[in-house]
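I've put the structures underneath this note.
Shared between the two complexes below is subunit A, which pairs with subunit B and subunit C, respectively.
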Partner chain A sequence: MAGQAGGTPSTYSPSPTTRKTKSLILRNDDVDWVRTDGREFHQCRPAFFKTGAVNAAAGSAYAEFGNTKVIVSVFGPRESKKAMMYSDIGRLNCNVSYTTFATSVRGQGSDHKEFSSMLHKALEGAIILESFPKTTVDVFALVLESGGSDLPVVISCASLALADAGIMMYDLVASVSVSCLGKNLVIDPVLEEESYQDGSLMLTCMPSRYEVTQLTITGEWSTPKINEGMQICLDACAKLATIMRECLKGPDSALEE
Partner chain B sequence: MGLPDSSGGFLSELDVDAFRRLFPLQFYESHLVKSKRPDGRSLAKARETSSALGAVASADGSALVKIGSTTMLAAIKMEVMTPSKESPDEGCIAIEFYMPPICSPIVRPGRPADTAPVVSKQLSDTILSSGMINLKELSLISGKAAWMAYLDIYCLDADGALFDAALLSAVAAFSHLQIPVVSMNDEGKVVVVSEENEGGKEPVNKEKRKLTLCSIPFSLTCILYKNYILADPTAEEESIMETLVTVVLDSSGQLVSLYKPGGPVLAYTSAIQDCVALTRQRVRELQTILDEATAGMEVD
Partner chain C sequence: MVALSIGEKYFIQGGIAQDLRGDGRKRLTPRPIYVETGVISQSNGSARVRMGATEVIASVKAELGRPSALHPDKGKVSIYVDCSPTAAPTFEGRGGEELSTELSVALQRCLLGGKSGSGAGIDLSSLAIVEGKICWDLYIEGLVVSSDGNLLDALGAAIKAALSNTGIPRVNVAAGASGDEQPEVDVSDEEFLQFDTSKVPVIVTLTKVGRHYIVDATSEEESQMSSAVSISVNRRGNICGLTKRGGAGLDSSVILDMISVAQSISEQLINTLDSQIAAAEAGEDES
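Our next item is the complex of A and B:
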């Protein structure tokens, strides 16, 4: 504990680590509880998208769902790394990182190492890789603030950034997750709901083609629940894609700030 | 588009964009002789600057700053540490500057930008030596507990003058900083006093929610090229004309630091004096921008 001059003294966050809010979310069979932000169980947070957030990139997008805020930049198509083998089709390279202040305790964002490859797998089916042979498209995401459902927001935002960069895709990719809390399915969960969930389902799809590019199910699920969850996600993805499309068409897409 | 050096059919046939890419120096010189820059600014003019406080809800203090396209997001997280024996009633500030791969095509994951650690060092040198923050104000209980302020600055869009934008965002984040009210619990740990468990322990820092910022440092980076001085360069200008001078002055106009990290142009005293004069003007602009941002917060 002793702080040494010159070295970095060990520090701790004064915020209570054991949350007392657990009682707020009733995990038992009680059906009537209210979500912390007052939403209905099947209601998503208001989504905000903006393209052209980073001028240095070929394409970029900023997404804000409640407290979840992410920026995605797309670079390329550009020369592949020297060590790469020859490839007839293009390559997709994805990376997701967190800011140190994204989480309530500083520097916890590095736990999400798997997000980079999950983003890659969610997008690769939607991109026409044949349209940029021998080159690489880089998709880099930075989570500015983590507020729950981070990966679905990153995926949707990334597909918008790809569209902004003019990368050919079969369709926009929209992603939504649901959490299973007791008997209830809650869509677009916030951090708190995610930490008490019994199971989670994340669905990534191309809504106009009605094709799923990625489906992740973890935790306890019954078959009818999975069907219900998937249907909720598909409907929400379709709605999300309309908002994303509006953002691409909108007159404010080229505006600053 | 009549080029000033129409030295033959080849050059005049090039369109402007190709000329800009192939002969960047000539392209810039053709503008500089007219005392204009390609983006329409005069040589001494800085780009439009804006600052928004409280951009990150999960931090204790934060600010988003834009100078032209260059965007910086700074956030402060307060943690508790045991102060060192030499200075039992002083807190600490840890400053880190990041250039994530989203900010520029030259940064890739696993291959960080060379400039990030340089800016990081300059920032902590400037902020700590300017005396802007009295470290004694970060003390909680003498010898037992003090604040460690983690200031992390992320470059979201890199388009030149990174240090200027980063310093402004750092200063703005400190002016937005709201220190949480804490108390000492039975185990000797410092915990946040929340609304729920009011009436527990007596808070130790009820009056010390804000830091007093005195002599705030502001900076301006200039490019020296031949006899020209270009204030607040873009990334393109920085890559073409490599000699940079960064002057940091505090709000009372005193010199805090001056960087001239090499470069092919050797500066005369007069050039440095011109840079300082330009910075003096810029400090007033930046002070107004910062004041407006803080005033906007107080209204809310």
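Our next item is the complex of A and C:
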């Protein structure tokens, strides 16, 4: 499971973006198949995070998990629109969009409404909204390249961008998904695995508080399997959060040296 | 949004803490559910479900279409929910749109299963007619007529009832079409195939208010929630989908506890719903 941690967590060795060919069909009873990128079932892709990717934004972050590349910028807190009602807590506005070249078929779904609302729900529990009354924080996420597990990457990246913008949060939010393929649970699935999956479980949590802010399950799951899936995700989230924290500390510790 | 005074808020929260809610129910007692089927003559199947002041209509329409290239042996199902501003003024404009998408996505997640089609409540391969050429497209549409909380559970029940009310016309495929030609089909208007709904799950939403959670919340109670978890459970007791609403975080052990509670509640709900559907179908046949 410590796949993304490796020896040096914050470094990332770029893997050649090979053009994928349709691999063999993942049969349900076949236990011995190997994942397309040679990972183990419970091994995440190497994670790379970088803050301050956009100069104009109050805070921003870029994340790269294998082929999934995401950029998130945070604007604000700024004054809420005049038309909005008075509110003694801050507002969070989230938007997730895809570039036209993000998917293999051009220009599919440039605006993901359900992703936007999922991102909002995943983050709002972690942000101390009371700290900026009457104002709005905008979180804009852009998926540059979709390579599977897009939403978890967007969520983790967005929480990093919020932290970079200095928005007060209870904890960083980390998100990981697992796919159920036959009997196996596969963590951090790539696009191909996602299209064959029998079910998926996405968990978003605040690791230091051990609190789940968002959980979605599709497909048919038995209770022990949900248990297992949640445990795998919680472990992976905790590890992901340490990488994210390293990334936030990075520039400062470099200055001290 | 429900406007409540501080006193009313305390009354709701205190009542839930003492296991006695405003309408006399216990925390885990749902409101009685009323089902009426065949309410829309234009569609292939329809149902109206009433739970207290919450009322929803679901309709199923079947149309002939082309299967997608990715799954040539399967039909297609689309689920869409409409929140009409006639039910509540907040449903007008963006508020209704947001709620509509949220409900539609949650229902899709709960009923359609994984991408490979396993665990789906609706068997998509039963909708195929000629592989790669013709299939049935099911359009499931929900309408919120009146809203008093717990919309998702009501819509799930209405869709289940509407599907069991659905008759899909028998199709005769003319032999002789070969290659790329689109085969000719003859849709019978007398013979209908009954839809198998035994695998369609029910949705149970547990709303957390204070330190306790309640089933089948009214809109007053929903306004006091910290978070809610909607769990869809099928007859075998397996989870078919789960969505969390509300911002507050939950401990993972609480979620697992909620899942087991939902499983036991769903058992009763499936049984009541089945008997209600059967009664509604019988009543419709007589009239």
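Here is the rule we go by: the second predicted complex is superposed on the first by the 223 of 257 C-alpha atoms of A that agree within 3 Å, B and C clash if a C-alpha of one lies under 4 Å from a C-alpha of the other, contacts with A are read in each partner's own complex, and residues count from 1 in each chain.
Rule of thumb we're sticking to: contacts are C-beta pairs under 8 Å (C-beta built on N, C-alpha and C of every residue); 3 or more make two chains touch, one makes a residue touch a chain.
Since the model is a prediction, treat every value here as computed from it, not as a measurement.
Asker: Of the partners subunit B and subunit C, which touch A:V153 in the superposed model: first, second, both, neither?
Answerer: neither
Asker: Can A:E194 be said to touch subunit B (first), subunit C (second), both, or neither?
Answerer: second
Asker: Could you say whether A:A63 touches subunit B, subunit C, both of them, or neither, answering first, second, both or neither?
Answerer: Neither subunit B nor subunit C is touched by A:A63.
Asker: Touch test for A:N55: subunit B only (first), subunit C only (second), both, or neither?
Answerer: Touch status of A:N55: first partner only.
Asker: Just to be sure I read the superposition right, which of the two partners does A:L142 touch: subunit B = first, subunit C = second, or both, or neither?
Answerer: first
Asker: Can you tell me whether subunit B or subunit C touches more residues on subunit A?
Answerer: Counting contacted residues of subunit A, the larger count belongs to B.
Asker: Who does A:S222 touch here: subunit B (first), subunit C (second), both, or neither?
Answerer: Once the two structures are laid over each other on A, A:S222 reaches subunit C alone.
Asker: Is there a shared patch on subunit A that both subunit B and subunit C touch, and which residues make it up?
Answerer: No residue of subunit A touches both subunit B and subunit C.
Asker: Give every residue of subunit C touching subunit A within the complex, in rising order.
Answerer: Interface residues on the subunit C side: 70, 98, 101-102, 105, 109, 112-116, 118-119, 227, 229, 234, 238-252, 255-256, 259-260, 263.
Asker: Of all residues in subunit A, which touch subunit C in the complex?
Answerer: Residues in contact with subunit C: 113-114, 117, 121, 124-126, 180, 194-200, 205-206, 209-223, 226-227, 230, 234.
Asker: Could you pull out which subunit A residues touch subunit B in their complex?
Answerer: Contact set of subunit A toward subunit B: 1-5, 8-16, 20, 53-57, 60, 67, 71-73, 75, 78, 95, 97, 99-104, 106, 138, 140-142, 144-146, 256-257.
Asker: Show which residues of subunit B lie in contact with subunit A when the two form their complex.
Answerer: 50, 56-59, 62, 66, 69, 71, 73, 75, 77-86, 92, 94, 96, 98, 100-105, 108-109, 148, 150, 152, 154, 156-159, 180, 182, 189-192, 194, 196, 235
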